[in-house]
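What follows is a pair of complexes built around chain A, which joins chain B in one and chain C in the other.
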Partner chain A sequence: MAASPPRPLGPAQIRALGVLLVAAQLPLVVHLPVWVAAFGLFLAGLRFALLRRDERLARLRPARIPSWALALFAVAIALALRKSYGYFVGRDPCVAFLFVLAGIKFLEIRTTRDGTLLACLAMFVALTPFFYSQSLLGALAMLPAIVAAGVALEALAVRDPGAAGPSIRAAWTRSASLVAQGLPIAAGLFLVFPRLATPLWGLPADHAARSGLSDRMAPGSISELSLSDAVAFRVSFDGPPPRPEDRYWRGPVLSLFNGREWSALPPRPGGSLARGDRTIRYTVTLEPDDHRWLFALDLPSSLPAIEADSSVNAPKVGSLARDLQLVARAPVTQPLRYVQESVLGDRHPAASAGELRIDARMPPSNPRAVAFAQSLRSRYPNDREYIGAVLRWFRDQPFHYTLQPPLLEDHPVDAFLFDTRRGFCEHFASAFVVLLRAAGIPARVVTGYQGGEINPRGGYMIVRQSDAHAWAEAVVDGQWQRFDPTAVVAPSRIERGLYGSVPASDPVPLFARGDTGWINHVQLALDAINYRWRRNVIEFDHDRQRALWRDWGVDRFPPWQAAMAVTAAVLAWAVAVFATFAVRRRRGERTARLWSALCRRLARAGLPRPPWEGPIAYAGRAAQRWPQFAIAFDAIGSAYAMLRFGPVSEDERSALVATLARAIEVLPSPASLRATAHS
Partner chain B sequence: MTVRSVSQSLPTSRRLAGVLQQVAQVVVGKHEPIRLALACLVARGHLLIEDIPGVGKSTLAQALAAVLGLPYARIQFTSDLLPADLLGVSIFDTQSSAFRFHPGPIFHSVVLADEINRAPPKTQSALLEAMEERQVSQDGETRPLPDPFFVIATQNPVEQIGTNPLPESQLDRFMLAIELGYPDASAERDLLAGGDRRRHLDTIVPQADAPTLREWQREAASVHVAPALLDYLQAILAASRGHAAGARGEQPGGTPRRGLSPRAGLMLVAAARAYALIEGRAMVVPEDLQAVFPAVAGHRLAGGARAGAALAQALLRAVPLP
Partner chain C sequence: MPWTARLRQRAFRSQPADRAPVILRHSRIYILPSRRGLAIIATLVLMLLTSLNYALSLGLALTFFLGGLAAAALLHTFRNLAGLEIKPLAAGDAFAGEPLAFSVALAAGALARRAIELRAAGATASVSLASHATQAIELRVPTTTRGRIALGRITLSSDQPLGLWRGFAYVHFPLAGVVFPAPELNAPPPPAGAEGLGELAAGANTESDLAGLQDYRPGDPLQRVAWKAVARGAGWFSKAFEGSGGRGAVELAYRSLPAALTAEERLARLSAWVLACERAARPFALALPGVHLPAALSREHLHEALTALALFDAGES
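Here is the complex of A and B:
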């Protein structure tokens, strides 16, 4: 192809590209720092303003910003982003950079080549919100950009930008209808186009931490987490959901204590699955939290698996550590769905005494607690009685359960137990375990979630960060047994959740408040839609596609036959779309055919139509020549003129075509017309 | 459903037919020029009549003004006519110690500018500016002209001694240029038998007023123009510019001096719309365009109504309908 000189863009084309860019930018705005979002949109607005100014002043040479200035500018932006985020190679700063770069490119586009480049860039920008969230809302927010892309590409295809292009409204309607026509094809390909078992590329992991439980716990860390109503995971149960007091979702187990902070041991493989008769099966959809914990009800009796009906050999997404933590093979950066089984229970066998040493270790701190424990121990030498005495003491003393505990300085357990007595679950669990360890009983803190809200619209359970909880486990009679000191102080926390257990003045997150009227209903309804979207669309991966094919019986046919069937279906759809258009065009063609046939007949009858003569004048001449058919000729002239030049709706159009055809049928043959000609 | 007839009887077109009929009583045997003159008025254009004296130019103007119930003024253009004679003057009023503006004859809705080519260019220019702007700026003050405002200018194409012919740019201001021509034998017989037709002016019954006419003008501007008709119009415009093969060549009067401007195209659409409204159509058909084309394009193509009309007819026959 010969290189043609670059074609400059017309104002209408630049406008269409600008609308595309803004439509692509807007959904991303919520994921960006305010200054980046404002700046990127400002750049697009600047070009619009320049364009207006050029048009108003009717300048031949449009205002331009020199290329070197833009390049310098881009470098400055990159440096500013590096400074703002603290790193550059990562999802967030790179997306922000792309966002601003697209705006800069828009400032300098001049030729159609630039325009095509910008259109591609804008479409990539439109995809980037999916790096953050794959919710249904996000997908809907992308729709304007898709339609705008159609409009922009159509505008770019116009050869002569000076000419009046198609009207804006018509272009939008056309693009939207193109997208609508493409949707069935996309849906079909979504189901049948083969998927790869592993992604082609991954996203760089970002440094920014997400909220969620971690492998450390200090006073205040869980109460802080409880302020978030973000969803931790969703669960659908195969049977009825467990009772509230059984909803202990086991997470990181913390055995190490340094006097203030609890932390987890590195996961050691070799945990044994629980056995029992109260088995319950459920599917967990975990939100990405960049950690490796998988959550299961106490006590897990299976390994987390991808497929519900999977056999023993089915791929597992995680393993069981010795302290019954489920650990994923890699940090969870994408929503993860797994099928899990548990045996509801609160005790499981403990390891040998040698291994339990680490769970009895006490650092030299919190002297008052240790002294109190030893004096209490002297009265209750029996482990079980001692634990009962500690729990009684928690219940009888004026302890308060609150989201806003006072700050604890040195020896936090001492300060909490004897001074402030106001705490959240981590304070109670931590103090409880300290009191047990000081008496020589092996004990540890277990973190996780407690509770969960059943969404009546979807029949599944939502577990939020505000359900985060910490409890304790202690070895009694050679078995680990769960104790929850929080339940002793505030029993309603376990029965009814966070709201209603803490003082009304505490800042409980909105969606953790239980019944808050219509907001809660709307939120639950939205969550149910999103959950279905996620289960049926986002998580439709290679394995589920194969399972679907099996259900359809596709795998019984050889692949080439399946491919042929798919191709045939796509072709059939395309033919259906084209046929619709062909029928519409034929209607126009039919009018022209009828008219030219009439002209030929009248010419043979001795009244040719000069090429410049209009239909009404010609029909008028014919009516003078053959007055006996004046009514027919009048109808013919009127109908054809209406069809060609009139404002007619689709309904009227078909009626007019019918009228035209009938009126022409009324006329006799050319020979008899010739014989009956008047004058 | 029922199919609408192409010439449905619009209420407006019935009233316009009444206007035409009243004018035809006075100006006998000139149906098509009257129709074009009315179309020009409804399309908010101005009319140029090129003809010898005594064929009823001012009768037509007076009749149109009377039937539409509009104030009318006639200005005889002479070689010593000054712009102030046309537009009006400010005179110092000793009683109020201030200048008071005395509006000139141009402040009428229908103005007959008789023998416009006799006036000096300065005065011609003042008139044409007022026609274009539909306002008069004098002594630093802008005064709007009445709405509707309709100028019928006449010029005598035969006697050219002592005249200032309108330059082409000013001819362009007139939407239509027509000839009245001699009446045919029977009409002339009627005329001769019936005496001076001007007496009949008194018998004219006004059929409308200024607000009604403005309503008609709005209605005309919304008459439907189909893409196919615009195709046809563009083909004609291209042919006039000598782009299309066959538009040049053996045309009587030689090739056009210059093609039709986009403004001419706009005026063609406006005039064709008004003509379609008079015909009772809710849309413009090629026949409407062809009816107004010689009058709209003639003076632009050849500088004179008669030569231009022939040229325009030839052009029309060279362009087939799409």
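Here is the complex of A and C:
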């Protein structure tokens, strides 16, 4: 290894590194707190400004900020991040710290060794935005950083930083060409580099909760969620999509009630798959929500599978709990795709009476509701009739469906049922289940999503957080049956979605409003692109890679054959890249060919070139011999001399070769030259 | 040669067996990551592990893009050296302590070459070549002792275009230069001419015995040309010295030096005297054990005498 000592950096090198840093930082900016983002970019800008100032003042010693000040500064930033995030050892504050740290390093780089370190830091910073988003836009945003890395490394490799380097444009072109030449290697690695099925080290707990359903429900939690436009998941159906009233996407089932809040039991394995004839098959692409819930249409009739492979041992991504919740193997931190089958139905067999006790438990709270339930129950001893009476009561009383329910204090069900009567789906579901349990009927709240919008551009359905919903299940005649009190109060919620069913003054999120003209069209078109991107690039994970290898038959090859195939592919790549060099070299050879052809021609015309004679002298002699072609000979001599000896750029080269060829074309045949020779 | 030695020669070119000119081909070119290359590779490995662990498809894409860039740079590093032609031009001579110049010629061939570094025997040179260009490169090797100094193995290397990979090739030409003994400082004047053979001409200062100018005749030593007169345009004259013609040749003998001097000190003194005689344009003969150069006065004679001093094997005396 060349143990060359670090050399001081020239301004062009510092600039190239700065451009790399900023190109790496910019895509991350949107994921950082504003003050961190602004600060990191400010540091980079400060160095650029100092550099300019040094150049303007032609300083011998550049302006420097002492290292101890920078170290102190880094500690201060770490403390500020600790305060801002509430913790420091975690992914998000560390990413933010790295972002600022790279800026601080840029402020103090002096030697090529610092430059190498900064390049490494910047390359890692360029990776960090993908912790937060792997959208198509993010992928495009990383491209400048890749080319900038090539430019910065090339600048660092320049031995004499004082000499005038290549123009900025030439450097970027060359780097882009290098990246393009490396593209086959990158694509090959992307396809064949083995992915991990399970993480190497534990993923640190994400402190920042993402929006999505949780295993708890308090009054107001779902209406808050409904204010979000974020996509919960996307679905493509193998056949026609289900009707709107069948679009109940089952999520967390909440059986425990403490008088105010509902919560889920820990998932108990052993749920039995539904059977029936209205089977529907579809593929769900779930956005990461850091929970283990997988969503399926009521009622799931298969386990979620990686591929649309119906064989029994196709890998499964989750299991079915006893209350028909699908539970993933691990919290969903990356977009997850699974193939799912459901039987469209609203009832399924209930478990034994012993287990149902949990679903009938009532804490001593909400006395008015309990009293009301008992008086109503005395009139309707039959379970089915009682439930019908409760639903009728909801319909007949002046209940309002609204996104902005009033705040409820203690005994929230009492307050909702008898005082405010304004609520969102969680209020209705909760109150309905309380009324049933108070009458001794086992019942529970089911949360999930209801609805979904078909994207005509991609032929798939988008389910957003604004579709979040809560409904109820009760045991009637030994079967769990779905009841949706919200549908009774606001039937349009089920038919037309949120926007059509709440008062116009409610703050319904933009994309839940249905037809909003061109914005909606653009949004749906973008979503279709993003969906394809998701399916084909982002979700190319361990399982799908193995599936691809199976398609190729790679798993049937012995390892040595696979190794040979890889070697052959790399060799083919090298040959292809060298072939592109050869094309460029032929341009150089053309010059030599033209020149030797000219020399042969003039020799036959009586003017041979002795081997020591240079092109300009020879052309000069020819011009004396044939003065009528003096201009052509002059052009030939100087063009050839420039091509052969002068430093010429690629553009100049092709122009000079063209000049040389044209000037030689002008000359007549050797015989006529011989005839017109001027002695 | 046993096959191990052949293999070693092929890998490391430790023997000066290369015949000019050498064109660098894949069998001679080695490529290893540079220090910066190792740092970047370590970063890429870190990025790879992070992306794998968090299942970041785009992180992997970024890592592989940068890996592809590094792989393409490797090919370019190879291409920057491959096809380069190198041939030995000349080995110079020098007095010990002065740099000894070797020159080699590099021919670019069809491709332009960027920042090729040559390194041999403690000398380095760096050169960039346009396509089809040929350039002579001087390697100035520092010297300390007299003798025949070989240039040794030349390492041609380049880390272009990105500085991530260092490509290098060894070329070993049988190129050697002669290092003369450094002349003794403040040496006593050389012995007197033929009349006083063996005696030291005390205080003989030839410069003060200038007798006048005479017409320059072809063959007169250049040291005697009256350059001031030439510069004035007065014509060509030679300086005539009092008795300088009559003094005859000086015999410089190794054995007649004081016995107190070591072999190297004797050689240093002889070196000084040879130069003094040349300056004074006095013909001299040189007698070393085993070597005798008859009296003469010419460039060739001077070179021959200094070479004899340089290569003299002191063990023989």
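FYI, the second predicted complex is superposed on the first by the 534 of 679 C-alpha atoms of A that agree within 3 Å, B and C clash if a C-alpha of one lies under 4 Å from a C-alpha of the other, contacts with A are read in each partner's own complex, and residues count from 1 in each chain.
Simple rule for what comes next: a contact is a pair of C-beta atoms (placed from the backbone, for glycine too) under 8 Å apart; a residue touches a chain by one contact, two chains touch by 3 or more.
None of these values were measured; they are calculated from a predicted model.
Visitor: Is A:652 contacted by the first partner chain B, the second partner chain C, both or neither?
Guide: A:652 sits against chain B, while chain C stays out of touch.
Visitor: May I ask you to decide whether A:117 touches chain B, chain C, both, or neither, giving the answer as first, second, both or neither?
Guide: Only chain C; A:117 stays clear of chain B.
Visitor: Determine, under the contact definition given at the top, whether A:127 touches first (chain B), second (chain C), both, or neither.
Guide: second
Visitor: Should A:616 be classified as contacting the first partner (chain B), the second (chain C), both, or neither?
Guide: first
Visitor: Contact-wise, after the overlay, does A:644 reach chain B, chain C, both or neither (first, second, both, neither)?
Guide: A:644 sits against chain B and chain C alike.
Visitor: Could you look at A:30 and tell me whether it touches chain B, chain C, both or neither (first, second, both, neither)?
Guide: Neither partner.
Visitor: Just to be sure I read the superposition right, which of the two partners does A:572 touch: chain B = first, chain C = second, or both, or neither?
Guide: neither
Visitor: Looking at A:358 after the superposition, I want to know if it touches chain B, chain C, both of them or none. Which is it: first, second, both, neither?
Guide: neither
Visitor: Looking only at chain A, is it chain B or chain C that touches more of its residues?
Guide: Chain A has more residues touched by C than by the other partner.
Visitor: Across the two complexes, what residues of chain A are contacted by chain B and by chain C?
Guide: 644-647
Visitor: Which residues of chain C touch chain A in the complex?
Guide: Against chain A, the touching part of chain C is residues 32-36, 38-40, 42-44, 46-47, 49-73, 75-76, 79, 110-111, 115, 126, 130-133, 157, 159-164, 166.
Visitor: Across the complex, what residues on chain A touch chain C?
Guide: 1-3, 112, 116-117, 119-120, 123-124, 126-127, 130-131, 134, 138-139, 142, 145-146, 149-150, 153-154, 156-157, 159, 174-175, 178-179, 181-187, 189-190, 193, 195-196, 199-201, 203, 333-334, 537-542, 574, 577-578, 581, 585, 588-589, 591-592, 644-648
Visitor: Show me the residue ranges of chain B that touch chain A in the complex, using the header's touch definition.
Guide: Within the complex, chain B contacts chain A at residues 1, 3-7, 224, 226, 228-229, 282-287, 290, 316-321.
Visitor: If you look only at chain A, which of its residues touch chain B in the complex?
Guide: 610-617, 637-639, 641-642, 644-647, 651-652, 655-656, 659
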